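After this come two complexes, each holding chain A, first together with chain B and then together with chain C.
Presenting the complex of A and B:
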């Protein structure tokens, strides 16, 4: 790589500064504040805090439903990430193959992405409403008495469906552009060599999409873990009761609903550590196997 | 034309601001939709009633959102003069000593007369401190009552039950008539907190938490309520009780659709039910267990109260005091009660509504007030517990698990007690 030449030694730092300031203000400072707050119990109005050591952590981890919440978070994150990846890829490959009216298909499939998350959540809530939801009536035709808010896994099912539905168009857009960046010459060459379309997909297209897939996998995991609490809140209608919730929803609920700043901070630090480990695993294990062109 | 009106408006504003320097105060509330409009109407009437003060109501979202926004504003020194805080948040705001000017003090310091006896007894104590001094000014007050579908009960040939024993006797007839006999919308509020009030059973140590958060323990793990929930689970299994989750509306809908014959909801639900239910309905007191007590007591209020926040000038506090006075006035209370279905907070407003024959026309609207005015007991005035939003979450979760058959009543209440006490202990530590 060519070395850039700067007149002054400080120039590169100066150019980096705006980004660094943004990172410091919006990421490092809040994270540091969360770590500090996690060792205190704080009166919400005056911010008078009492140092309690690790009590917030032990209280959070020993709560009777912590294990269940953590387990649901894992199931939810894995399913939402993989389902949106698979559906996004399937739709992108299909739309890419369509010859007539291709742009119409593409636009229609991307449309959902333009829906604001709370609206998407609301639409989902209405579709799954236990009294008037059309999807509940549909499930009843197969003898499935779908009851959101009453049955644990029925509610989890609705959360997974609505969250996945929101994320599929995002994956679709990236896969579509990924597909379009595969050189025509490669596609044509493979078409001459191999007749089976399925086989061509798995041996040529899929490996060439791997960087996109890896990128989307990370984004999907982040989405499922951190950006779905609004949808979850909509589905449980602000009353989690015995419904499944994710760890981030619990952070939101205890912090912003219950005003337990210390407890909520401790839970978010636990998540921070978990995500740190996950990111290391992702980059160490998966990225090595990916070939960037 | 356009310019003239702008000029005129400018002249008027200028003229008005010249004539008197009005004191402006803000009021954050959590009343959306129709209720929000009625709330704004009260502010408009207050502004029109005098020239010295102007109150601006601001809708801040749901109850929790409003409390969270208030805390953030308070820490930034930008707090509103008056904020509406709901029952479960009462301990948080009252516990923050110095954040709130007690309503009684506010009114008296402004040189206005304050008579706590003017307020209905079930209303008076819930937002008061341990000496009975009113800290919050009750605003939208309601209490759980039982609504019933008249046609359903006639069809089954039964009378509305006064006790749960009577309910058990009539439930099979309602099932035969094609109804689910019972549903209710808020297990912590109706089946737990008010269960303790109705039966005069202590709900927490330290005088139900009113004496301070230090060392307060929840007493929810008792035989009376465990028997109740064992029965409710039996009713559910027999088809006598419908459970539709922890959401309020999900449990109200089947009653409105005519599937459920009797529904325990809020006295404040009356206004909405009148619009949504296509059948004749009536209301009566929350049933009690005769096996537990032969002298049932009153229930306490739910809903929310208004709190005057500290950190404002004497002039603004005076404006808040004037507004509290105005809010308690008979006309406004009667207006609020009849528009929304919430109970009037003063005896005078109740008498005025009665005198004009309002309850002959809508007898259901009176049930809540009568129930709040029943005999009181040491444990019928409600509770004061911190981190109560989370405690209610634990209750809702454990009740859901009982109903889903994932746990039994004994272990569920053991969990509620343990986690509730842990939360109370945590809250006490924030209050030093």
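Presenting the complex of A and C:
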């Protein structure tokens, strides 16, 4: 690659500045503020704060509802990530095989992605509504009386369904383009080498999609943990207390509904550390085993 | 014995386009048949129908005595070498070679033996544990051939396997493919648009144009007795000169000049075919007077681009060149003149 030199040595910094400013204002400053606040006990009324050291952390980690929320977050994240991956891949493989009206199928499968999370949440709430929700009626046909907002696991189930539904199109788009980037001749060569279509999928298509899958896995985990906030808010905000929430939602609720800024900051710092570790683990362990063409 | 029998095969696409319009060819045991023609002539479609990658609209394809029209590609006992090699990028060379055998339930010991044998034959033994992305174009080509060989198929199908290689490697691999195919004794179809590959590799050439066979024959037959103006201009480099001429009473007339030829059956307008390499610049005798234009020295031969009346003519020779813009006398032997029907283009 050719090396270009700027006339002024300040030019590169000037060009980088807008991005740096955005990162500073929207990430570094709030993060620093959160770390600072996590060591204080804030008075919700007068703004006085008392230094309490690590007490916010020990309180947060030892609270039974924190453990429960963390556990639900793990279940929620794993299920939403894997279900979106599996469904997205299944739909992409089917759409890739369709010859007639392919673009119609693709559009129908993708449009959900254009919906904003709170709107998806709202639609989800409606689908799972106690009185008019068709999914509640559907479940009732099998003798399962869904009680969203009342039963802990039923609410969790609705959250997982709505969040997955929202993420499937995203996975679908990436898997479809991943499938279409597999050279036709490789598919044909495998058709000559292997008669079973299922076997061909697992030995050729699936490994060649691995980079896409890995990329989506990271994005899905991030999505499930952080971006589902709007969806969860729609489902649980008007309901009584016994609803499952994710750790991110708990940070919001404890901080802004419960006015415990210190405790909420401590929780978000814990989340930050967790995300950092998760990223390192993902890139170190998984990426090494994946073939990139 | 006949390995492959292609009988009146048609290929029509749902949009009505006809790629192959009734082709019949047999491939005998151990024979290498080259399908040659310009792009869009149906040669690749033919090959893909034999492979089972395209359905046959009409007609019959019979491989080793059994009709394979409705069989899956994997059930046909064929092996194909693709233009861009089509190696599995996520598998090592060894796994690439073994993949087809494994899926057919070949015992592991036999797979290992066959892979090692093919690797030795193709001199790719040291690359067996590498991924295709770590190999050069020529090495990938060898792996692709290896993958075909280990299958021990009834027929090899080559789809322009050399067109992604540079000129030098192409000549080398061409020779190797020929040697390999001879020593294995397996029948093969080789598709190419390169007439040099066709001439050098083929036991028999099938010249295709517009979904139809123009001519089938040994390379030399196709070169010396082209069945049509299409074949005449396609096979041979530089291509055969095709001149508009008029035939009457054993004399041929072009651009106001005329002389005697051994062709008396037909009178009227015809196309006269003359190979550039069979024309000579002479100092005397019966022939055409041409106006010498651009000269090209290719080292081994020299090309004279000349004009005969208002028609272009190319002469290839290795002796002294005439002066540019001079006049020259061109002669040829009677049996080097090819006559084609002016309207149908068929050989007379």
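We adopt the following convention: the second predicted complex is superposed on the first by the 260 of 293 C-alpha atoms of A that agree within 3 Å, B and C clash if a C-alpha of one lies under 4 Å from a C-alpha of the other, contacts with A are read in each partner's own complex, and residues count from 1 in each chain.
Quick note on the criterion: a contact is a pair of C-beta atoms (placed from the backbone, for glycine too) under 8 Å apart; a residue touches a chain by one contact, two chains touch by 3 or more.
Computed from a prediction, not measured in an experiment: that's the story for all the values here.
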First, second, both or neither for A:239, with chain B first and chain C second: first
Which of chain B and chain C A:222 touches, first, second, both or neither: neither
Partner chain in contact with A:64 - chain B first, chain C second, else both or neither: first
Touching partner for A:194 - first (chain B), second (chain C), both, neither: second
Touching partner for A:282 - first (chain B), second (chain C), both, neither: neither
When both partners are placed on the shared chain, which of chain B and chain C touches more of chain A: B
First (chain B), second (chain C), both or neither touched by A:41: first
First, second, both or neither for A:186, with chain B first and chain C second: second
Partner chain(s) touched by A:203 [first = chain B, second = chain C, both, neither]: second
Contacts on chain A seen with chain B and repeated with chain C across the two complexes: none
Chain A to chain B touching residues, read off their complex: 41-48, 50, 52, 55, 59, 63-65, 130-131, 147-152, 236-243, 253-254, 256-260, 262-263
Touching residues (chain side chain B, partner chain A) in the complex: 62, 64, 67-68, 71, 74-75, 92-93, 96, 98-99, 243-250, 253-254, 257, 387, 389-390, 393, 396-401, 403-404, 406, 415, 418-419, 422, 426, 429-432
Complex interface listing, chain C residues touching chain A: 51-53, 72-76, 78-80, 82-90, 99-100, 103, 131, 133, 147, 151
Chain C-facing residues of chain A, complex: 183, 185-186, 188-196, 199, 203-204, 207-208, 210, 291, 293
